[in-house]
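Read from first to last, the chains carry the letters A, B and C; within each, the first residue is number 1.
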């Protein structure tokens, strides 16, 4: 049995009468690549915020990396990484300065920082660019760098919010190579995307519709269940009936 | 309708080439797609064609009007939907539409037939403020506003970016119906799968056009024979295939890996045997036609 | 023209629907007027006054009891010598000193003319001025009482001496100051921000790609703020007349005409800023730091310009609020007509024309 790193039970978030996330229940194992799909406004962002300890649920339970979502949000934050579609590094700092800064935030020692930043730069092939301003990099590189920085403190889970939006197809695949590598190291990947082909790269995916998780399985099984040729079609079948959108 | 000759746009002190010697033409009634990732120069091209930016080199005409000299005529005759959602969030659907109609010297009634199909979908909410609308509805409203003065050419800059697959599908269906009304449409998108919905496309990366043709002609011109392979674990399959001696290129495409091999080609048996030595079970092996995305990656690598 | 009205209507919708901003815009002048108004009256009410009565006779006692009856003063009747008075002023213990000469009564009876020395701490010129006026009027009351039925009038001359700021120059009246400040803020900042917002949101792109004249975009953006500012002028004036008992001595029509001119000056300034900037933050920063600060410093409202070093005095001339402040003060307090302020009006007019010209020249019909 694999170690469970995300465990939720009937997690719910209400904003007044509006139920943004409705009794979400799922488990994610260590090292798993978990795709979190849904139409705009289905409640993905709300759910993700709860899991990251950024907002408290209205009811239900969840543990993230073994920590309680209500009481131990600080511990949760130490054990997760986060990267959003909006590139989240400082454009006016150099690559190295960004690595040092974010590593420093997560309490890496100087020796660790030195080692880690060298490792990261070699892996991305950015050794020569280390002293360049991040703002001068092409988008694809920024996104790859941003991901590497998000896992610099070796978190148990990394949350990726549409990490590849607008990135060219080649870089998108290189980005997924990085995700696979992280997954092999035992980091759990929790990712949202609008690219249906990327959904296929996940071990398991969930599809949210109107605040509820309507489907949760491996891509292959989902296609079987919905008798579809492609994930695109599975998604369309589920989300077509959605009443809400953002 | 649109003729672009070697236009170039340079930004900033570092002289970054955002648009590098781009030429293409769009015929009347055509649905033309500019396909490329963020930062490819799509928005710069749109802004030059809508007279918002001056080119640093080359020339272009829209509707026969020069984009530099005749900017007033162009502004009178084109519809433009910028990439960022650009309506007044604090005005209602109705107010936004009326406002843009007046600004363009027309009325909603006059060209209602053009927007009718789209507008009836959002009409029940016409008193609602634009800021409170869903992404899909905002998009429909923006399209109505861009259409209300009956433009001869419609420029849509990344209308589907950040939009979920269902809304994207709906949006393209609306474009198809507009095309039927003989409006020339130029649209840009980072989503490769939308390319096949256009009449003709230009693949663009880092300010340069990689290829211009019909989607079918582009995919047909893919130089190698492509084989789709499937196994349990994609990452292991990619790794193993990349180390295969005869491999030319291999990339993940959904559940399949698309692989091109060297001239001599490979047989299913050959691959199967090789993968077995790597402890990978081959589940599927089939010859396929290249997709636009395969082509794009192919162009990027050259 | 139809387009223009559609645009103006849209602008009003923006302004009226943003309730928070609207509340601040209309609340701000009220709060400022009340704060300034009451802070000031409070101070005057409880001002410490020392009376040195060297005469100790009936005439001096009568005046002292009148002053005692007034609610403005807190009297200490300690006998002090000039040196003690001086140090009491320095330590800020007293605001005003009243010194009756030894021969006060005698002079009054025999010469029909006596003097009282009034010394005020004019480091706070406004208060000093008011206190001086109060004392003078009290003394005048007494003089009138004495003169009733007398053929030869007695004259009591208060000899007022202002300590620290003898000319009392720039003695401000805060109502014109607040008016200048509020109008500046509303017009410059709000116009600049509202235009730049269209650039940021991207609607400017659509408007540029339309047959609508770009310059009209900008002019129609200014219209709602002109109205808003006029409402502010009215509310400030109503407050000052009815709540703070500060009358308008000159022509109200003239005051409004001049205010409108000043508002237009500021609107063009806001437009100019918005043309030169691309983000709301920058526009805000420039209007706040670049406009508010000079207005406070150089309008003469807080700090007397005459006491500044020459270079600063010269700089103060380019601050529109300075001229407006002079104009409003002249109309409201001195009650003078247009003849006395045509120069200042001309300066504002010139500034407006210059800013309009600059805006026209800098306006871009394209994005970059």
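In this section, a residue touches a chain if its C-beta (ideal position, glycine included) is under 8 Å from a C-beta of that chain, and two chains touch if they have at least 3 such contacts.
What you see is a predicted model; the values in this text were computed from it and never measured.
Counting hops only between chains that touch, chain B reaches chain C in a minimum of 1.
Across the structure, the highest number of inter-chain C-beta contacts is found for A-B. Averaged C-alpha coordinates give centres for chain A and chain C that are 58 Å from one another.
Inter-chain spacing, taken between the CA centroids of chain A and chain B, is 26 Å.
In chain A, there is no position where the chain touches two or more neighbouring chains simultaneously.
Considering their complex, residues 14, 36-40, 134-137, 161-167, 169, 190-192, 205-206, 234-235, 238, 251-255, 293, 296-297, 300-301 of chain B touch chain A. Contact residues on chain A toward chain B in their complex (touch as defined above): 38-41, 85, 136, 138-140, 162, 165-171, 173, 176-177, 180, 183-184, 194-197, 199-201, 219-220, 230-232, 235-236, 239-240, 242, 244-246. Residue ranges on chain B touching chain C, taken from their complex, read 47, 50-54, 71-72, 75-76, 78, 80-91, 95, 98-100, 102-105, 145-146, 149.
Within the complex formed with chain B, the residues of chain C that make contact are 2-3, 6-7, 10, 13-14, 17-18, 201-203, 205-212, 365-368.
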